[in-house]
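A quick write-up on the structure given underneath.
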Amino acid sequence: MSVNTFGRLFRCTTWGESHGLAIGVTVDGCPPGIPLNEAMLQHWLDRRRPGQNRFMTQRRESDEVEILSGTFEGTTTGTPIQLLIRNQDQRSKDYTEIVEKFRPGHADFTYWRKYGIRDHRGGGRASARETASRVAAGGVAREVLKSLAPSIQVTGWLAQMGEIAINPDHFDSEEIERNPFWSPDGITAKDWAVLLERIRKSGDSIGAAIECVASGVPPGLGAPVYGKLDADLAAAMMSINAVKGVEIGVGMGAASLKGSENADEIVPGADGPNFKSNNAGGVLGGISTGQDIVVRFSVKPASSILIPRQTIDKSGAATNVATKGRHDPCVGIRAVPVAEAMMACVLADHLLLDRGQIGTTRELSC
Amino acid sequence: MSVNTFGRLFRCTTWGESHGLAIGVTVDGCPPGIPLNEAMLQHWLDRRRPGQNRFMTQRRESDEVEILSGTFEGTTTGTPIQLLIRNQDQRSKDYTEIVEKFRPGHADFTYWRKYGIRDHRGGGRASARETASRVAAGGVAREVLKSLAPSIQVTGWLAQMGEIAINPDHFDSEEIERNPFWSPDGITAKDWAVLLERIRKSGDSIGAAIECVASGVPPGLGAPVYGKLDADLAAAMMSINAVKGVEIGVGMGAASLKGSENADEIVPGADGPNFKSNNAGGVLGGISTGQDIVVRFSVKPASSILIPRQTIDKSGAATNVATKGRHDPCVGIRAVPVAEAMMACVLADHLLLDRGQIGTTRELSC
Amino acid sequence: MSVNTFGRLFRCTTWGESHGLAIGVTVDGCPPGIPLNEAMLQHWLDRRRPGQNRFMTQRRESDEVEILSGTFEGTTTGTPIQLLIRNQDQRSKDYTEIVEKFRPGHADFTYWRKYGIRDHRGGGRASARETASRVAAGGVAREVLKSLAPSIQVTGWLAQMGEIAINPDHFDSEEIERNPFWSPDGITAKDWAVLLERIRKSGDSIGAAIECVASGVPPGLGAPVYGKLDADLAAAMMSINAVKGVEIGVGMGAASLKGSENADEIVPGADGPNFKSNNAGGVLGGISTGQDIVVRFSVKPASSILIPRQTIDKSGAATNVATKGRHDPCVGIRAVPVAEAMMACVLADHLLLDRGQIGTTRELSC
Amino acid sequence: MSVNTFGRLFRCTTWGESHGLAIGVTVDGCPPGIPLNEAMLQHWLDRRRPGQNRFMTQRRESDEVEILSGTFEGTTTGTPIQLLIRNQDQRSKDYTEIVEKFRPGHADFTYWRKYGIRDHRGGGRASARETASRVAAGGVAREVLKSLAPSIQVTGWLAQMGEIAINPDHFDSEEIERNPFWSPDGITAKDWAVLLERIRKSGDSIGAAIECVASGVPPGLGAPVYGKLDADLAAAMMSINAVKGVEIGVGMGAASLKGSENADEIVPGADGPNFKSNNAGGVLGGISTGQDIVVRFSVKPASSILIPRQTIDKSGAATNVATKGRHDPCVGIRAVPVAEAMMACVLADHLLLDRGQIGTTRELSC
C-alpha cells in the first residue's frame, strides 16, 4: 500500500523533488467521459504559484502542467492520467550551507536518519514544491465533482496569521480572490500585510491557520469505521507540509462543550432536514450530513529563517545554521489552494467509494 | 482497500455491532515468534471496561477476549490472529425510542442516509463498543513493540474535561492509574468528580481532551508523503468515536508562533542529539525524530442525553428525542485506553513498514 | 495490502488454522440491503463438507456457520460480516509424526523456513480447511450477485482425474450434483470411482483438473491493467491449496494457434453481439465480453500419502516420512465448490469496482 | 487498491497510451541507497525494443528512458522514482480503419463497453507499448535484487512457437542472447524463422509459450494465503497482454500425476537441503523453497492480422476488419523481457514484504 499515494478509488500518486527535473502526479481511477484539458488545471496552478506577490517565496516557476496520458480528444478515458510539471528555478547554490547541517524544525534530520541519504537541495521530497502536484490532482478532482456532484463548492481561506484572526462579522467570500492572502476579511488582510513585512524584515517566519469549507455535499459520503470522511480529511490535511493540527467543525473546542450545547438540532426544512447549527462540521459518525463540511488546520512557521539557530552537523558536533537567499515568511498562505485541492480529492474519492458499495445515485440537494 | 481495516503491514480489521452476538478484530501481519496469550490482552480490556466506576456507563460487559487463531503454544505464528469478545449486556429495550427518530449529534441520521438501513440498537457499528476491538488489537501491538522496540512506552491521560484542564505543574504519571479519570493531576481529578456529578444529574454530557505520549520511539518511523507518521496518527485518532480535532505537538497553537520560537533547536547530547524543546511533537516531515511523540485530541460530549432535543423522524416530521436508561456523561474518559491502543498499533505498523523498505535495525536510543 | 485478504471492494479476510478453535472470514464492503442468513451460507458449506462420501477425507466436521455481525433483521447493513465456523474433529494425534519432519511437496518446510515456527497439526494455516472460509464468503458473494446481476450463474466441475478426462460430448450439467465427483459426465464418473479406489488402496494420491464457468456476466467487468478480471481470477485460483496452473479460455493451448484460428469472430445477434467461438474465455484486454467466463486449473496430488518418501528432519538429517490415518486420495474433488466460491467473490468485487469508477448500470443481457 | 499498480511494498504504477505523448511508470517504495542511473535501465529497454529485427513490429522507438525523480547523485533516495519514455513513432493513420470497428480477439470491444470511450489508436492503454514501462520498472527491481539478494538470477526464453517446442536436450542458456527469438535452442530457432516468415507472408499471426526461471532465490518468500508467491506471479504474468494461461513448475500437468510421482523428495546436501526434482517449480504453500522458481505462460496470437475477419461496428451492423500496415506475426517474442521484468518486480516486492513482517536477513544459499 503505497505511502506516496492517497485515495482509495480516486488515487493520486505524487512524485518529484524540489530540485529534480520535474514533479508530477498520476491520477488513477478517474471516471471516463469527463472533459479535461491543460487549461482547466493551469487555472488552479496559477493561483498557487510562488512569485505571485511579494509576500510569497520569490522562486519563479511557471508551473506549466502537461497531460501526458489518460485523455482522448479532450475527455478522460478512465485510464491513468499523468500530469507533469517541469522544475525551472532550482537555484541549487542557495542550499550548500545545509549539506552538512540540519535545520531545526525541518525534515533534514529525520530524512537523513531514515534513509541514510537525502537530497538536501530545497528540501527534496519534503519540499512544499510537492504541493504543486496536489493542486494539479485537485484540478482533476474538481472536474470529477462537476460531473458527479455539481452542487459541491470548495472554498478555502486564511483564517489567522500569527495572533491575528479574521473577524467573522466582516466575512466576504468575494474578498478572498482580491487580496494576496486569500483573506475573506479585507481589513485583517491589511493588518497581515503590516505583520508580514515586519516578520520578513526581521528574517523570521510566522504561523497561520487555514479554513476550508465544502458546501453542497450530498449526505452519505464516508465509510465507517476506518474510511470515515473526517479521518480521511484529517490525514489529507496533516500530510500537507508543516501542518500540526486539524479540526472538524468546532474542533478542539468540543472538549469544553456540554451535550446540550454541542449537538446540532434538526428541524424540517423545505428541501429536507435543516440543522440549527454546525458544530459537527458536516460529519457525523464519519459520514457527511449534507451540511457544510468545515475543516481547519494550523501551519507552523517555516524552519528556513535568516536568524541563526543552534543545531548539530552530520558528525554530531554543535553548530549554527541560517538560511540564505530565498525565505518564505509565511508558508501558510500558499497552503490555501492546497487545502482546497485535498478537499476536492477526498470528496471525489468518497463519491466513487460510496457509489461502488451502495450504488444509488445520491440526491444532491441537502 | 478496506474501510474497516487500519494499518498497512500490521493490519487490524474490526467487526461487530453493539448489540450483535459478538465483536472482534482480525490482526493480520503480526511477526511470528512473539509470546501472546489471552491474559496479556485481557489486562488492557479490563482497564477499559464500562462499569469500572460510577462515572462511566453502567453497561456490564466482562469483555472476555478469546484468541481463536494465529498462535501456537503461546507464540504468534505469523498467520492472522482472530480475537473475539462476546457481547453480554445489550439491553435492547432501552433503544426502542430511536427506531424512528434521529438523535442530534449522533450517526443515526447519516447511517440511515448512506445505507438505507441501520441497526438502531445501541448505535450499531457506530457504537463506542467497537473500541473494545481496538483495545484488544492494541494489546497485540504492545507485544510487538516489546519485541521489536522495547524502549517504547505508550501513556495516555485525560488532559481536560469541560473547561477544566489539568495543571502541568502537578503532573504525576503514577497518579494516572489511581483515579477513575486517568488524570495525572490528583487535584483536578477531584474537581472533575464534582463537575461530572453535576452534569450527570442534569442529564447532560460534557466534552474532554485526551493526550497520549509515546516515548523511546526510534527516529526514522513514518513514510513521506502520504504515510507520514503524524498523518496516520491523525487518522487513527479522528476515527475514534466522537473525536473532532487532533493535534501533534504544539498543534493548533503553531498558527500563533514565529519560526524563531517554534523550531526545536538541537544540541549534542551524551547518547545522540538533544532537542531543547518539542513543539514538533516528535515528528518532522512526517518522520519520528526520537523525541516523545505527543498527540492530543478532543472528544465531543455524547449525543445520548436525557434532555429532550429537537429532531425529525424518518418521515421528516418534527419531533423530540431524549435518551432513557443508560447515559454516559463523559465518553472521553473511556477514550484514554483507546488512544493508547491506536498509538501502539500505528507505531507497530510503522516499525514493520520501515524495516520493510529500509531494512536496517533502528537504534533504539534517542 | 493484507496478504490474508482478497478483493478490493468486496473484501474477504480469512483466518484460522486447521487445528485451532475455529476458522472464519470477515466479509467487508458488502452492499447493504441484501437478504442474508445462515441457511443460505450453510447450503454451500454442506456441498463442500468432508465426510460427504467415501472418496473424500473422513474428517467429520459439521461446518456450521454463524453470522456474528453485519446483518440486521436478516438483511446486510453494509458493515463487516463476520462468519465463524468452529473446528470439531481435529485428531491431533494423527500428526505427531511430522512435528520434526517435512513432508515432501507440502508447506511444512517452507512455513518453517519463513516463520521459524509452524503449527504442524493438520497443516496449520496451509491446510485445505481454510477453504471452508472461502466457501462461506462465496455464499455471501452469491447473494450479492443475485441482487446486482441476477443473470450470472456460476458452475464448477471436475474435468479430469489423473489421465482420465471427461468426454465433452457427454456433458450434462445436471449430472454434476448427482455423483460424488461433481462430474458432468456420468460415464467418466464411474471410471473415476475405479481409479480412485485403486489409488486409495495403494496409499497414493492423484491429481485433478477443475473447470469453472460463469455465464450471464455483463460485459465491462475488469480493470486494466493490473485489475484485469483474468489476472484476478488467476490469482484467486492459484491461491487455492495445491493449484499449479490456471487457464482462461483456450489457455496454454493458445501457444499453438494462429491468429486466424484464435480470434473469436463477432456477428450481430438478436440481443447484442454474438461471438462465433470462445477461445478468449470471456475476457479480452482484461475485461469481460459478455461471453461465458471459462477458467480451468490443475490441482496437484496431495503430499500426505501412506507411501514412505525421502525427506530430512529439522536438524537436516535424512529420514523417511509417511502419513498415517486420514489420507485424501484426491483433494481436487473438494476444490470444485472452492473454485465456484472464488469465481463468485471475484465477480462480486468487480461489479462493485466497476460501478465505483464508471457508475452506470450494466446491461445484464449479453 | 489501484488497478494500475502492482506490488505491495515495491509498487509500480504504469501510465500512458500507445499514441499519447509518453508512457512511464512510478516506482514507489524502492529502498534507499541503491545505485541507479539511466544506462542501467536503458540496457533492458534496448533488449525489448521493437524494430530490433525483422521478426518484430517495425515501429521505430528509441525507448529512451529518463529518470525524473527518486535518485540523488546516482543513488536511490527512497522516494518515488518516476521513469518517462517519450513516444515517437505513433503513425496514427494506420488505425483509422478501426475507429468504428472492433477487431475480434482485441480489447476494442471491451474497452468501449466498459468506458464508453476508447483511444482507438494503436490499442490505447491496452497496447503492448505499456510493457515498455514494465521493463523499465523491472530494471529498477533488478538493482534492488542485486543489493538485497545478489544470488538471484532471472532468465526468460521462448519455449514454444506454434506447435514447435524447444528440445530440452539442446538447452544452452548462452544461445538465448544470440538469436532473435530468445531461444535457448539454436536449432529450433532456425525452424521458428522459417515458420514465422511463412506466417508473416500469409498475413496471419502465431502464438507462443514463454518460460522464465529465477534461480538463487532464498527460501521463505511469499505470504500465505493471498500473498502467495505463485499467486502473485500468476497475476503478474496473466496481466501481460495476450496471456491466456500460467503454470508453476509442472503446471497443468499436475492433474495427471500421482502423489508418489509429484512430490519432490528431499535429501541432505552440502549447503542445505537438496530436492531430487522440481515439480513444485520452487514454491510450496505459496512460499519459495530455495529451488528454481519456474513459471511458464502462453501468449495468444495477435488479433491484428491482415486477413479479414467477421465483426460488427459500433452500430451493431455486420462488417469485416483487417489490419493494414504494421503487423506483428508473433507478439510472444517480445514478451520474454517482459516476463523477466515481472519476475524481478514480484521478487523484489516479496523480499521487502518478507523482511517487513519477519525482519531476519534471509540466508541466500539454498
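By written order: A, B, C and D. Residues from 1 in each chain.
Here is the rule we go by: a residue touches a chain if its C-beta (ideal position, glycine included) is under 8 Å from a C-beta of that chain, and two chains touch if they have at least 3 such contacts.
It should be emphasised that the depicted structure is a prediction, and the values quoted were computed from it without experimental measurement.
When every chain is reduced to the mean of its CA atoms, the largest separation from subunit B belongs to D. In terms of C-beta pairs in contact, C-D outnumbers the other of B-C and C-D. Centres computed as Cα averages put subunit C at a distance of 26 Å from subunit D. In whole angstrom, the spacing between the mean C-alpha positions of subunit B and subunit D is 45.
A separation of 39 Å divides the Cα centre of subunit B from that of subunit C. For subunit B, the set of residues that touch two or more other chains comprises 1-5, 8-9, 14, 29, 32, 78-79, 114-116, 125, 224, 353, 358. By the touch criterion given at the top, residues 1-5, 8, 11, 13-17, 20-24, 26, 28-29, 32-33, 66, 68-70, 72, 75, 77-82, 84, 114-119, 124-125 of subunit C touch subunit B in their complex. On subunit C, the positions that touch subunit A within their shared complex are 1, 9, 29, 31-32, 78-79, 148, 224, 352-353, 355-359. Subunit B meets subunit A in the complex at residues 1-6, 8, 14, 102-107, 109-111, 113-116, 125-126, 130, 160-163, 199, 204-209, 219-228, 230-232, 234-239, 241, 244-268, 272-273, 276, 279-281, 283-290, 298-303, 305, 307, 309-312, 316-318, 332, 353-354, 358, 360.
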